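Next up: some structures, all given as structure tokens.
In the two assemblies presented below, subunit A is common to both, partnered first by subunit B and then by subunit C.
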Partner chain A sequence: MSDLVLRNIGKTYANGYQAIPSIDLTIEEGEFIVLVGPSGCGKSTLLRMVAGLESISQGDLLIKGDQVNHKEPAERDIAMVFQNYALYPHMSVYDNMAYGLKNRGEPKSEIETKVNAVAQMLGLEELLTRKPRQLSGGQHQRVAMGRAMVRDPKVFLFDEPLSNLDAKLRVQMRVEIRELQRKLGTTTLYVTHDQVEAMTLADRLVVLNKGHAEQVGTPMALYERPASTFVAQFIGSPSMNLIPSSIENGVLQLGVDSQLACPQFSTDKVMWGIRPEHVDIVPLQDADLSLQVKAVEALGAETLIHGSVKISEDKQYPFVVRLSGNHAPDIGQPIGLRVPQQAWHVFDAETTKRIEPL
Partner chain B sequence: MSVYFPQKLLPYLLLMPQLVVTAIFFLWPAGQAVEQAFYQEDAFGLSRDFVGLDNFTELLTSSEYFASLKTTMVFSFSVAFLGLAVALWLAVMADRVIRGAMVYQTLLIWPYAVAPALAGVLWWILFDPSMGPMALLLESIGIDWNHFVNGDQAMILVVISATWKQISYNFLFFLAGLQAIPRSLIEAAAIDGAGPSKRFWDIVFPLLSPTTFFLLVVNLVYAFFETFGVIDATTQGGPGQSTTTMVYKVFNDGFVGLDLGSSAAQSVVLMVIVGLMTVVQFRYIERKVQY
Partner chain C sequence: MIENRPWLTGFSHLVLILGVLVVALPVWVAIVASTDPANAFGVGHIPLWFGDQAFANWHQVLIGKEGQASQVLRMTLNSLIMALGITFGKIAISLFSAYAIVFFRFPFRGLEFWVIFFTLMLPVEVRIVPTYEVVANLNLLNSYTGLTLPLIASATATFLFRQCFMSIPGELVEAARIDGAGPIRFFFDILLPMSRTNIAALFVILFIYGWNQYLWPLIVTTDDAYYTLVMSVKRMLSVPDGDIEWNKVMVSTLLAMIPPVLVVIGMQKLFVKGLVDAEK
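Moving on to the complex of A and B:
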């Protein structure tokens, strides 16, 4: 049985603003689903609707087969980790974790056993008597996780839980969250705007754009076959190069001076795309495309070459190449690029949807 | 923050206005009161005799003075409690309002702009036994209202008029305090299974405690020392001594009864009480109320 089902879920505010037109999503037991998208795409709203903190305007929300649209947050048997952690500042770590269990009226001894077990799992035993203000950022995060775990809910909800941590801690906590979720096997819905977090954590990703689910799938599926230019640019870093082009009689006109053999598509106006890491540097005379180098970022293990491709006499398009190892092309000079056809992504220029060769 | 002045004189010059005002309008009269407290002056102010601690011993053996101390306590704690409770209730309600919130908030702040004496007169008219609308309303539900005769009713009246003004002030602080509590805390508590009233008492109220304690002290000080105007305009301390608070008694004994020595001694006692309250306030604010 599916754990969490969103059927035609929508949100319209009282002032008529439609934050989420309609979303369908079926989440299996133990799955880790990441909702990802830019700010204002409706991902937090959707999460809060599942939590019961925001009313649902249309559709059905099912948890373990029960319709919970109108249930109070507490009755839905979910637990949520907030962006600012929302620890009760006047309660000790122990009381923070025990509060939900106390409200359920569980016996004291049982509460103690549960809190201690979770504290041990998260390495919080030493901190149980402290107040939140005596904790570091990472410890805050752990206590917030502990508070969610101790209640053994049907669904975990995470609302950008790592965005207040510094970069190093974020990577560490990311790994920790993933491990814990695997160990507990609890169905999880996780909201983030960070595509690296999304890629590394998710069993399946939901890319949201203006309240629509642009694409749902495994991180690799989204990386390899993005369904639209929006997903193509959102997943992957640096994001995919996209150049408006046209296809005529089996020839792709790429920029002003590059023609490449190309299969036929249903339309001739296309957005042609390739990921920065799928481009090779070749001598200019063998090149598919020439790139005017503007800046070089050497990161040690890899080099990012930022440049532009001329698409008409007075118009240039930015283009990034990602190479492993160290490279030092001359800035201001053209370099030759090879763009292998199996790495192409072609989108309809009008609908921005992915299209395949006929 | 420290600021360094090149000349030695300038900082003193800049402080001068405040120091002069403090000296003339506070230190000097306070000194006079302390001195006066040891003398017995005749009613016309022509002569005076040094009487040592007689004024104080007389005070401490006078049942009337202890009655006014008790009146002050009842009055002050009623005003503080009522003022805090009503203001908190209003603030919680106003915090929930989304549409037209500014209108509510502005209207609730208005009473603070009304002068104390006017507030007193306002309530005095509303509750006037022969023509006040409130008195007539009470009469219609079988309560015989006459605060000119009934001491308890007089006390209720002064408590209401003194509280009414203070509610606005408390409301402002409570509302700011409520708005400073992150929404996510309330939401977390909701997910943790706490209903609205449990959320209030478990989360909101403890988090408001610094505000509440600050207001408690401010309100007690207000009720103790700054309610002369309200009492004078409403009941003039009567009937009998039933609404004569310590501050009102200072005025009454000194300027009506012309017993300046006793009045001065009472001022000195009040000064000591203010000092004690200040000490308690600072000790507590530094230690107890934090989370």
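Moving on to the complex of A and C:
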């Protein structure tokens, strides 16, 4: 049975602004769903609608088959972890975790057992008597998660929970969240703007753009077959190279001096794309495309070469190549690139949607 | 600012010491006069050193002379009831009104806040005649309710709590909602403990305000069972004939000063914390 169903969910504000036109989403039990998108895309609004903190203008929200549109947050059996954690500053860690259970009227002994069990799972036993201000950033994060876990909810909601942590801790907590979720098997909805977080955590990703779900799928599906230029550029780092070009008589007109044989598509005005990691360097005379090198970022394990591709006499497009190992091309010089056809992504230039060869 | 100029340090200290002397002199005079004989104050010079009547004066004021019991304890009690009534009343009503204004959406919310704010311009002194009439019509003259109730509404405290509540992050409110805390639970479990230091700071200010009330008690009480300490000082000065007993006046004055001083000293730490602390 599906755990969480969003059926034609939409949000229109009182001033007429339509934050989310309509979204359909069915989430299976135990799934980890990540909502990802740039700021202002409506991902937090959607999460808050599921939580019950924001009213739902249209559609149905079902948790375990029950329609919960008009239920109070506490009655929906969800738990939420906030971006700034929102711990009660005057309560000890124990009381912070116990507060929700207390309000539900659970007996003291049961609360104690539950809190202690969760504290042990998160390594918080030593901190139970402390106040939030005596905790570090990572510990705050853990307590906030503990507070959510203690309630044993049907759905976990995370609102950018890692964005207040430093880079190292973020990676560590990311792994921890994923592990915990697998162990607990609780359905999870997680909001982030960070695509690395999204890729590593998600069973399925929902890429949101201006309140629309651009694409829903596993991280790999989105990486390999992005449905639009928006998804193509959002997933993957550095993002996909996109060059506007045209197809004429089975020939892709890429740069000024680059014509590549190409299958037939339904349209001839296309956006041609390739991921930086799928490009190889070859001698200039064998090249599909030549790149004017502008900057080189050597990261040790890999090298990023930033440059530009000339598509007409006065027009250039930025292009990035990602190579493993160490390379040192001369800056300002052209280098030859090979762009294998199986790595191409072709989008309709007008609709920005992915198109396949006829 | 870090400066190391000895004469500047010395000068600053001198100014501060002079300031302290100026402020402390009247208090000193009151203390000294409360130990002098009755006539020492009225003969043209002010005594600056202790007399030998300390015990007699204080005894007379606190216990009373033969055949006439002292009113001081009764008046102190009245003052305390009035001051505490005003303080707790003001704090309670301001907490509730600020809670309503900050956390609830209702029509004319902004207008209501500004109306409350507007009453800052209408202290008791300005509205004393109509307020008196209302209190008189309600038969509240010569009662503790009459003493405290008209002074309880407070724009200042409402404003202070409003600022304090507005600084509470929205996510905290939402977290409480998800934890199943309704409006009343949220108020008592989250809001009240979080405003603890602000309440303490306000308590100090309002207690002194209530304790020092003079005009209102003077008008609303005619029965000496309800006289307060502060107004009694004035009454001791308006004796129909004969000499004013300055020594006893000073004893009463000192007595009237003690409770506010105790409150300030006792709550100093919380007071400062409440005004500067950013615990949230």
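Operating definition for what follows: the second predicted complex is superposed on the first by the 358 of 358 C-alpha atoms of A that agree within 3 Å, B and C clash if a C-alpha of one lies under 4 Å from a C-alpha of the other, contacts with A are read in each partner's own complex, and residues count from 1 in each chain.
Note that contacts are C-beta pairs under 8 Å (C-beta built on N, C-alpha and C of every residue); 3 or more make two chains touch, one makes a residue touch a chain.
Quick caveat, the model's predicted, so the values are computed rather than measured.
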Joint occupancy of subunit A by subunit B and subunit C, clash or fit: clash
Subunit B versus subunit C as contact partner of A:313, first or second or both or neither: neither
First (subunit B), second (subunit C), both or neither touched by A:166: neither
Touching partner for A:84 - first (subunit B), second (subunit C), both, neither: both
Contacts of A:330 with subunit B and subunit C, given as first, second, both or neither: neither
First (subunit B), second (subunit C), both or neither touched by A:100: both
Intersection of the subunit A residues that touch subunit B with those that touch subunit C: 51-53, 72-74, 78-80, 82-84, 86, 88-90, 99-100, 103-104, 133, 147
For the subunit B and subunit A complex, residues of the former touching the latter: 182, 184-185, 187-194, 198, 202-203, 206-207, 209, 291
Complex contact set, residues of subunit A against subunit C: 51-53, 72-74, 78-80, 82-84, 86-91, 99-100, 103-104, 133, 147
Subunit C - residues contacting subunit A, complex: 169, 171-172, 174-181, 185, 189-190, 193-194, 196, 279-280
Subunit B contact footprint on subunit A (complex, rising order): 51-53, 72-74, 78-80, 82-84, 86, 88-90, 99-100, 103-104, 131, 133, 147, 151
